[in-house]
Amino acid sequence: MFERYGLGMIKGMMVTILHLLRHPTVSQYPDQCLNMSRRFRGNELIWSREKCTGCATCAKACPQGAIEIVTATVPADNKYEVQTYRVDTGYCIQCGLCVEACPFDAVYLGYSYERAKYRRGEVIQNDDEMKETPDKLASAYYHPEFADKLPVQTLLVDKIVEKGK
Amino acid sequence: MTVALPAGEIAGKLETKFPGCFEEGGKDNLLVKADSLLDVAAFLKDQPDLKFDYLNYVTAVDYYAYFEIVYQLTSLEHNRSIVFRTRAYGRDNPTMPSVTGLWRGADFQEREIFDLFGVAFTGHPNLKRIFLWEGFQGHPLRKDWNG
Amino acid sequence: MTTTQEMTLRTEPFVVNFGPVHPSTHGVYRMRATLDGEVILDIEPVFGYLHRGIEKLAEERTYTGFIPLTDRLDYLASMSNNLGYCIAVEKLAGIKVPERAEHIRVIMAELQRIASHSIAVGAFVNDCGAYFTPFLYLFREREKVLDLFDMVCGQRLTYNYMRIGGVSQDIPPEFLPALEKYVNHMTPFLNEFEFFLKQNEILLARAKGVGILPNQAAIDCGISGPVARASGVNWDLRKADPYSIYNRFEFDIPTGEAGDCYDRYRVRVEEMKQSLRIIGQAMKNIPDGPVRADVPHIIRAPRGEAYGHIEAPKGELGFYLVSDDSIAPYRCHIRPCSLINLTALREMVRGWKVADLIIIFGSIDITMGEVDR
Amino acid sequence: MITWQDFSTPVGLYKALPPDWPVNYWWHFAFFTVAILVFVIAMVLAAIYIERRGMGRMQSRLGPNRTGPFGLLQPIADAVKVLLKENLVPAMADKPIHWLAPVIAFFPVLLIFAVVPFQNGALLADLSIGILYVVAISSVTTVGVFMAGWGSSNKYSLLGAMRNVAAVVSYEIPLALSVVGVVLIAGSLSLNDIVLGQHIPFILLQPLGFLIFFTAGCAEINRSPFDLMEADSEIVAGFHTEYSGMKFAMFYLVEYAEAIALSAIITTLFLGGWKGWWLPPWLWFIIKTLVVFFVMVWTRTTLPRVRIDQLMALAWKFLFPLALLNLFITAAQVLVWPDGLPWVAVIINIAVMVALVVIWSRFFKVGWGRVNV
């Protein structure tokens, strides 16, 4: 059992004691937030009513069937007019296939991850809540042009996380 | 590069060794009769120049009229692989001899086929449902299973 | 089935349930162990606590729609699951993947192998009793791999990054320098980790010669991956049946001799080093060009069947696809390397003690998502 | 002359006491009881904090820092949380034994502190057989632990309790023998005299004795590499699986109080208790105790767990023979230098220790322990 007379154990102890002198790699979440990647797939959807033509490709591409879209035909210019566009983010697994499939770039993934709700019903997003507002950023997933609006990702490999922001 | 053996070459050898082991027209995709399955499998495993000692997988496909059980074997020595299949007829209680005797790796996979398709494997050491609980009615992976 | 045989002192075996909620069963896995004191007479695994019927779901989803579901198979190596599925569909539909996508796929698969092996080794030593320290050191390094995945595809665990015919998006410009920094940083860490645990006497005493899986039994049970290589089976799909562009890289396959827990731990650490070598080579000669063949979002595979398999971190992960000329596969069978690796657990464990049962089970390194599907 | 029958009645007993006896004894008894209780509680809180914070920093994470400045109130927060938890008693449990077990486990630990000298002469009872009393009392906790294991009618706790009994039985002998070496040099059993006799700290004169005592002590109170009694990766939480609320707080207190008791005794026996330069002597005693406790935390962070039969083998085949040999060598040295060993004995003893450890570890092979079932 003591093939190397305890030297192996002492080596292991050396490594642990030396870790006392290194910075801890954890950060205090509420006050020190690490920046997520610019392509982070947040747990909400952003939908622009103008660009959307009601073709429902996103609803078809969603493997979970989380997108529910009801359209009515406008006889005047023979186009679809979207009446309700509802996304149940409880079903949504943030896979981003809808963003990929949409031919008119009308739907994006959000960038926030703090959208926990208390009631199951509040998780469902209706059409007007999903408008893009200055604080509700759109993730650069599949749209590189949004990348420069978002903060640079903090990489753990770059630095040991210093204290404070 | 694992060479996938063409069916024709092996079919000839098998036909001479076990006449009538193939179903009609089963030569091109190595469709073996159920009752001569064990002899063919043993032959493929023990033949020195074949030596298919590694069973990749055993799976079943439900084609309404029959269940097709597909076996893929690989010979680690000669780095060759082969796929052969059999058919289990009947919807209520299809049976099929079990290859666990030759390759122990098939043990859980055959239990899974029994659990999700309902194909009973004769000669299996411990044929019980593997994923669903004992009292579960029906076999979910069948095409006509409606929940 | 309990085996009672002639015992000197009149004792009787008693049955203990390890799991489904047990600190070291790596998920919801249950073993009904028949114990004679501390010695294990027999164990009977019970599966099914995480069965979601993914193979049935596959028959109702388009080929691209199923990719997010493959992330949930072996949720610790979802990049490899994506790769396995995409390779199978490309074989079925005969799609050629552009050069740049192939290189990105190799880099992602090898990064995923390092992340998955670091959990396997961390959990194994944690089961041995080292109170979370090696586990947390390896998790700190895995965190850096997750940062790279996060930069590329936006998620940290369920990537959904690969598509049929290539990858979903090109890597951002700041990815390659970060990857370079990671590779340079990871090699000294692995040496320090070796210095930390390789000759630890207690780990040697606990893991050497314990749970021996003979070479022939490994092949007979269809065992693949590090568990088989530790028993001396020199079979790695990246060399034996090179998929994607693995034949362009030179790396070697670490194999053990005795096939005990210590060899499995050693093989996994060596494989992490080899993965770093592959990433280094792939990083240098990554060409420019498109990252995805022009494949529609919803493809319609020609009638027929195909089996594509890759060397996932846990073993040979394969997808057997049958298509009947519609947008969804007629049948999609997933070869669960974790489930098949458990076939030999029963005779590897009999006769050892309770503490060894946990170690041997931990050294096989399974993920319940892939076992129960 | 006091004859036996005088003690038969309380009145006779009172008359038998010397006349001035009650005056200063009660003050001494009251002061030291309060001092010991305050010392144990404070040291246990300090120990919990050192362990959680020290282990955290050694695992490159922060450890508790939210409750109070630098997380100093964390142990108190733990205590309050555990006290507020509901007191679950399993239905099939043996109620009286289940309830009594923590009490029986806790009070011997307090008794040990009666003979530990904080300063020259500052101890509750300067027993002339101090160390014999300590070795005797410290094995009573096993009764409490086994009652806990048996009382909670849970297979895991039964396994844990059985392991504890087996370990304590086999580690009692090396513990006692290594203490005899120290007693031979100091010439008296009383802890106070042992510390007075330590012109050269006994850790230098008795390196092998220190090694055996530290290992056997850690095994007895199931800490660091020998924490099999509540091996959380195998038998969930060992003997205190079914305990919650106040009873669990008692076991939690026992675990840390025993660790502090063992470090206090090691400081007294081997590190020259309160001896030190300009710092007040009782402060030296506390610092040395906390340093020895930190070494225990350090080993707990790094070393994996030993299996139960290796634990037994270590006791009977390694520590016990070495303790005997150490005893003979010390006895010979005491004969050669009757009035206190000079410095040269230090070099001899260290050389003897290295030689014995190297020779004796030849007998240990790896990979045994499988019973053919």
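For reference, chains read A, B, C and D in written order, and residue numbers begin at 1 within each chain.
Just so it is clear, a contact is a pair of C-beta atoms (placed from the backbone, for glycine too) under 8 Å apart; a residue touches a chain by one contact, two chains touch by 3 or more.
Everything numeric in this text was worked out from a predicted model, so none of it was measured.
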For subunit A and subunit B, chains touching each: C
Far-end chain from subunit A, centres as C-alpha averages: D
Higher-contact pair (C-beta pairs counted), C-D versus B-C: C-D
Intercentroid distance (Cα basis), subunit D paired with subunit C, Å: 44
Between subunit B and subunit D, centroid-to-centroid distance (C-alpha), Å: 63
Centre distance in Å when subunit B and subunit C are each reduced to the mean of their C-alpha atoms: 26
Chain centre separation (subunit A, subunit C; CA means) in Å: 26
Subunit C: positions in contact with at least two other chains: 133, 140, 200, 202-205
Where subunit D touches two or more other chains at once, by residue number: 58-61, 301-303, 310, 364, 366
Shared-contact residues (touching 2 or more other chains) in subunit B: none
Chain-chain contacts as defined at top: A-C, A-D, B-C, C-D
Residues of subunit B that touch subunit C when the two form their complex: 1-2, 53-57, 59, 61-62, 70, 72, 76, 79, 81, 83, 103-109, 112, 116, 129-133, 140-141
Residues on subunit C engaged by subunit B in the complex (per definition of touch): 47-48, 51, 53, 55-56, 217, 219-223, 233, 235, 240-242, 305, 307, 309, 316, 318, 320, 322, 330-331, 333, 335, 339-340, 342-344, 372-373
Subunit D to subunit A touching residues, read off their complex: 54, 56-62, 298-299, 301-303, 310, 313-314, 357-358, 361, 364, 366
For the subunit C and subunit A complex, residues of the former touching the latter: 61-62, 64-69, 133, 140, 143-144, 147, 150-155, 158, 160, 168-169, 172, 178, 181-182, 185, 192, 195-205, 297-298
In the complex with subunit D, residue positions of subunit C that touch it: 3, 14, 16, 22-24, 36-41, 125-133, 136-137, 140, 200, 202-206, 208-210, 260, 350-356, 358
